[in-house]
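Attaching a single structure in structure tokens format; questions to follow.
Chain lettering (A, B, C and D) follows the sequence in which the chains are written, and residue indices restart at 1 in each chain.
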Amino acid sequence: MDLGISDRAAPLIAAIKDMIAAQIAPVEAEFAAEVGKHPDGRFALTDRQIAIMEGLKQTARDRGLWNFWLTGSDAGYGLTTVEYAYLAEEMGKSTLAAEVFNCNAPDTGNMEVLERYGSAAHKERWLKPSLAGKIRSAYAMTEPDVASSDATNIALQAMRDGDDYVLNGEKWWISGAGDPRCKLVIVMAQTDPEAAKHQRHSMFLMDMDTPGLRILRPMQVFGHDDAPHGHMHLEFKDVRVPTDQMVLGQGRGFEVAQGRLGPGRIHHCMRAIGQAERALELLCERAVTRRAFGKPLAELGANFDIIADARIQIEATRLLCLKAAWMMDTAGTRAAQPWISMIKVAAPLMALRVVDEAMQMHGGMGVSQDTPLAWMWTQLRTLRFADGPDAVHRRQVARAELKKYVKDTK
Amino acid sequence: MDLGISDRAAPLIAAIKDMIAAQIAPVEAEFAAEVGKHPDGRFALTDRQIAIMEGLKQTARDRGLWNFWLTGSDAGYGLTTVEYAYLAEEMGKSTLAAEVFNCNAPDTGNMEVLERYGSAAHKERWLKPSLAGKIRSAYAMTEPDVASSDATNIALQAMRDGDDYVLNGEKWWISGAGDPRCKLVIVMAQTDPEAAKHQRHSMFLMDMDTPGLRILRPMQVFGHDDAPHGHMHLEFKDVRVPTDQMVLGQGRGFEVAQGRLGPGRIHHCMRAIGQAERALELLCERAVTRRAFGKPLAELGANFDIIADARIQIEATRLLCLKAAWMMDTAGTRAAQPWISMIKVAAPLMALRVVDEAMQMHGGMGVSQDTPLAWMWTQLRTLRFADGPDAVHRRQVARAELKKYVKDTK
Amino acid sequence: MDLGISDRAAPLIAAIKDMIAAQIAPVEAEFAAEVGKHPDGRFALTDRQIAIMEGLKQTARDRGLWNFWLTGSDAGYGLTTVEYAYLAEEMGKSTLAAEVFNCNAPDTGNMEVLERYGSAAHKERWLKPSLAGKIRSAYAMTEPDVASSDATNIALQAMRDGDDYVLNGEKWWISGAGDPRCKLVIVMAQTDPEAAKHQRHSMFLMDMDTPGLRILRPMQVFGHDDAPHGHMHLEFKDVRVPTDQMVLGQGRGFEVAQGRLGPGRIHHCMRAIGQAERALELLCERAVTRRAFGKPLAELGANFDIIADARIQIEATRLLCLKAAWMMDTAGTRAAQPWISMIKVAAPLMALRVVDEAMQMHGGMGVSQDTPLAWMWTQLRTLRFADGPDAVHRRQVARAELKKYVKDTK
Amino acid sequence: MDLGISDRAAPLIAAIKDMIAAQIAPVEAEFAAEVGKHPDGRFALTDRQIAIMEGLKQTARDRGLWNFWLTGSDAGYGLTTVEYAYLAEEMGKSTLAAEVFNCNAPDTGNMEVLERYGSAAHKERWLKPSLAGKIRSAYAMTEPDVASSDATNIALQAMRDGDDYVLNGEKWWISGAGDPRCKLVIVMAQTDPEAAKHQRHSMFLMDMDTPGLRILRPMQVFGHDDAPHGHMHLEFKDVRVPTDQMVLGQGRGFEVAQGRLGPGRIHHCMRAIGQAERALELLCERAVTRRAFGKPLAELGANFDIIADARIQIEATRLLCLKAAWMMDTAGTRAAQPWISMIKVAAPLMALRVVDEAMQMHGGMGVSQDTPLAWMWTQLRTLRFADGPDAVHRRQVARAELKKYVKDTK
């Protein structure tokens, strides 16, 4: 069980760190400051934003720092999930890096759907430009009116009508759908309410500009709209999608959804580790430079304990994420499932604690626009319910545990 | 030790609840939606905002629901702190109520400074219109460059020059200073760096439009600027203040600051209790109406335990706040000091936990603009360092405790 | 809502403190050291133990410090539950005090059963000598083979046979049944498995030496047998009890059990508060006298925070207990029920945390026979399931909360 | 960084599991029941105890299951620390296994001292019989009168007198010193109070029956004396030790102490992991078989969450221990130091939480003599201060972390 940094991964990590430090970090503030300057509003990219991002992407492509997430694939580096995990951690420390290296969510998960389950036509139309970083995509699962943590509740209707399905309903928290470059949306819809519980739903691919599909509003995360990426509230009103834009076939929506989620959750968790590391760094820098009562903050009160606990929790949680990645690599998605649920609970909680302590060490500055901590915290907080709330993942872990003792625990 | 609702307080609580439910709550969303519509920006009040607020204030005055915070005073109701605490709890459940009843921070603390320590001229110029709700005020203590948790660090300089003091430096997190109706700012400045530790600072009263005083920017709280109230970053550049606008006298800044903080912290804590109650209400409503896995959320997982712990913690913390208020009423500010530090640690932490669980019960909706929970959480989070970070208050509590065992613990 | 120390209670508290300090505490170690010296084993009292205890009881009776727990009664002081709570806190700091003042569990609860529900004959036979401190008693509810947290599970059978009931089954954790002075045992048994859920059980009074009733063994609490008091495992083999030794009537066992538990839980919780206070005292004494790294322990690491949190939690929890007592006094057992469940969860958890920190501050000494801390911790740990485990009480609190929102939550 | 079970370790783990299940576990209760039956008291071994233990040891030796702890050595298996860690975990699940396989504390640490630092004569006299399992040994560091967490405080005096040192003072918590087979005690004593801080102490080897060395009493751990192993309070009164029984040389006590502690702490932590696994097993078995309110306990309240959190914490902590072991194997004791401090904090805390939940799931039975849980809990609780209290280890972790930011943090 080798959880270390491989010889293949080491130079890639170094190159990513280097490019983030030298080229990406220096322009992050400028990119953020552009938000809202376009006359069309916050969800339009300014020329300057386009120039920054496309320039960085070109550099990344030129340096071969691209599409690392394609684990176990002939395309790209063919990294293992463990190897990629270390890269994801580094990217988590920067607000722009994941996109620069074409490794951003939800696009990577969407590309995986296309690669694993898409038809040749689907691949040509959407996977190719996605892999090239030409378009972006969104994944529409969550709905406002049902508890989407139990995905069998998904209620957006898709009714067969000739060669089309006609979709009606609402989705919200559709991340990335605000971006004007978002061209594809993958939609889970109910195609047969009478079918067996896990065969009721199907997965559709459709263009963002399909008639009847409308952005109602951006959802806010503690007051952030995360423009231009955005988490959009969408309305589907008689949206017609041809049957050949269905993935795999009617009733196979769950199969696609399950296949999509494993790696994405590991990536999220490793980026959370990266954010926790960045937060601890800021905490320590503050602790050794800021003084009160005649001493550096580091030497006051419980601060040694706070720093030690942060370090302990980061290390333990990183190892757990790496083990989940290793399970994915060696034992497959199904066997890795409880491990992914474990890190999905553990990593965001841990990172939130570390960021919270880092904020507290900074006083008012910690919640303000002057550090990335408040932004980190709000991002991380959404991870506690995105891709399934903690309670659902704990339930999965517990059921896997109890299976050892009894056959039929519900 | 009567910590209950007195016969005098009961009808006031009822009247406040009634006015919030019938008149204030219905217009809160409209008031918030006006932010940013004024051509001068987010920190200007629109005509509609003025109409809403002044209308409500007039109603409050007409109904005698005004200036309750004047505890132990001949003016107003002469409520005890315990009595007022129950009123503050109710006001905490609404975003506008405190201002409607002229009980909003930081104005109440500032009015207390004027009443206790102000000269007749100070009272005429600033207290009278404040009590009438005609002007608002700010209190400028915290600075960006020093750890203000140790107030002896305060470094903004005030140099005597003839009949004036000349102030130079920066303050930040000056709440309420964004509001165009804010006319007074109370500033703590260093007047003699060579004096004994607690005699180095003095307190000044000055108009917000004093030349040289400039708003650099609004500070954001997790991305919220809390406009039009605002938490401003201020610059003082050769700001001249006549000596007769000093409170009490040179070197007595600490005395004023200490006198100001006790009641304000109790009010903050009781408003936090009110927010926790409101959050638990939202949590329970969601828990009984939303369904997953065939059951209402209330019956799933740890939700009974979460609800019970929230109820237990709210009740225990409310009682602790009431005891601190009772100490203030019966034993005085000095004896109440450790009690106030206790609730300053306990109440925000408790309320944050309850709001966090309420957010989690709502999934994505919980962090969005569709419930008040995200706003509550961000507000409450600042209470963990505003008026002294948790660590400083814990230190005070511990030192008071250890004094029983040893004479000279540092 | 007066939660303070009344004028009536103040001198009693002082007298109790005084007698504990002057007469009880000095002989506690000697009393404990006698355990095991009697040739009949650990559950026999030595002459010295009898001399100590009876001497102290005589003094207590002579000073009128006796039977305080008889709240709201003509007998004794007629104290309110709030008043008694403060006395119980003091008694909790000593291992022998509760018995000395005839206020020890489970006897007080048993006497309450006799007073409220007993016949004249029951009172003459068992209440009178109990009130006089001549005999002790036990209460037999919990069984080894069923989850007694759900009391409807109680399975010890009582079959009617002529003028007797014949009991068969086992009970365990029967506290006080080890004491040779224990003469009465109150037994809950199933009399009709076909009756409605809460009418299946009845309550019996019987002598400890009833034929067929046998002590199988003492249960240990983390290795302590708590001799001579003891927590016994009992066997009932064809034990015959005359029908007139049934309390209230067949099928009314739950009614008696419910009536019994409220005050007892408050007493337990207030004694836990007393233990937490005693532990914090030991912690602080150690913290100011023991030195490491050139400083008293108090000034190292997180110790200020630990002390402050202990103080905050003790104060908040005490107030919660007092409020529960006040509810019992003013609103009755039924309305007080959720409040009692709240403190039953909160007080032992809080006290365990404080004692745990006190142990940690003492290092090895803290878990040894050289401080009372290890004994306190083990005692307190049993409170988390005795009289209902935390989970059951949290369930009660949650259901009471949710009742406000929905009619029929299970 | 291979943290998995190696091909070499796998069959050893299987053999250990097998021997524990088939031969050791079945006699543990009988061995424990013998304690106290010897006429000389609890700290004498009965013939039956000797027969059991020596029989098991002979079997272990015959099967080659012996002295695994000799990591990186030519003697024995030459296992890595990572490999041994997995074995230690298994041994932690049994009360007798570690001794059966000659891998028990404190003997392994003492043998390491002898192997690394002992002279040829020391090895012949004490190491040889220790490796053969013929004698046992103790390690005497902690003292009653000083905070031994700061080892520079160690005050037991050793004064040079001719060819001897003369020792005077007390030690306590000397584990294993109660066992009649304990022949060697390694004693840290102060030889020069004027020397530099870390050169004041020296390490001595001496027979347990050296004149002047006396057992004052066994220390109790929550009422357990852990006989016949024991944690003894020792008195040294003019104890003469020849200079050639000093290890390494005068003033080198710290060097020896440091070298001794690393591996031992890893072993302790991995045994704690084993205990946590055993506790979770008991918890789950109870949760699926015991019923209340019409359901198995597993499906009630927060039990899914409790089980999931236990599983998550066990896995993360095990990985952290393995990483510390790997650091020891690949980077050496010094580099591994902060990692060892991390697990020394994390593993006992985690195991205590899991055992505590397992106790709670069992109700009264959980703290009684009927499960191993209470014994596990008390054992584990001592680990939070043995070999350095949590606070000291957190301090080490924090200082290692802050070193990255500043040169001279104290």
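The definition used in the following text is that a contact is a pair of C-beta atoms (placed from the backbone, for glycine too) under 8 Å apart; a residue touches a chain by one contact, two chains touch by 3 or more.
Here's who's who by UniProt: A, B, C, D = Acyl-CoA dehydrogenase.
Please read these numbers as outputs of a predicted model, since none were measured by experiment.
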Centroid comparison with subunit A (Acyl-CoA dehydrogenase) (C-alpha atoms), farthest chain: C
Magnitude of the superposing rotation for subunit A (Acyl-CoA dehydrogenase) and subunit C (Acyl-CoA dehydrogenase) (Cα, nearest 5°): 180
Subunit A (Acyl-CoA dehydrogenase) and subunit C (Acyl-CoA dehydrogenase), separation of their C-alpha mean positions in angstrom: 53
Geometric centre distance via CA averages, subunit D (Acyl-CoA dehydrogenase)-subunit C (Acyl-CoA dehydrogenase), whole Å: 37
Distance from the mean Cα position of subunit D (Acyl-CoA dehydrogenase) to that of subunit A (Acyl-CoA dehydrogenase), given in whole angstrom: 44
Shared-contact residues (touching 2 or more other chains) in subunit B (Acyl-CoA dehydrogenase): 301-305, 391, 394-395
Residues on subunit B (Acyl-CoA dehydrogenase) engaged by subunit D (Acyl-CoA dehydrogenase) in the complex (per definition of touch): 301-302, 304-305
Touching residues on subunit B (Acyl-CoA dehydrogenase), where the partner in the complex is subunit C (Acyl-CoA dehydrogenase): 1-5, 280, 284-285, 287-288, 296, 298-299, 303-305, 307-309, 311-312, 315-317, 319-320, 323, 338-339, 341-342, 345-346, 391, 393-399, 401-402, 404-406, 409-410
List of subunit C (Acyl-CoA dehydrogenase) residues in touch with subunit D (Acyl-CoA dehydrogenase) within their complex: 142, 144, 147-150, 153, 172-173, 219-224, 231, 290-293, 297, 300-303, 359-360, 363-369, 374-375, 377-378, 381-382, 384-386, 389-391, 394-395
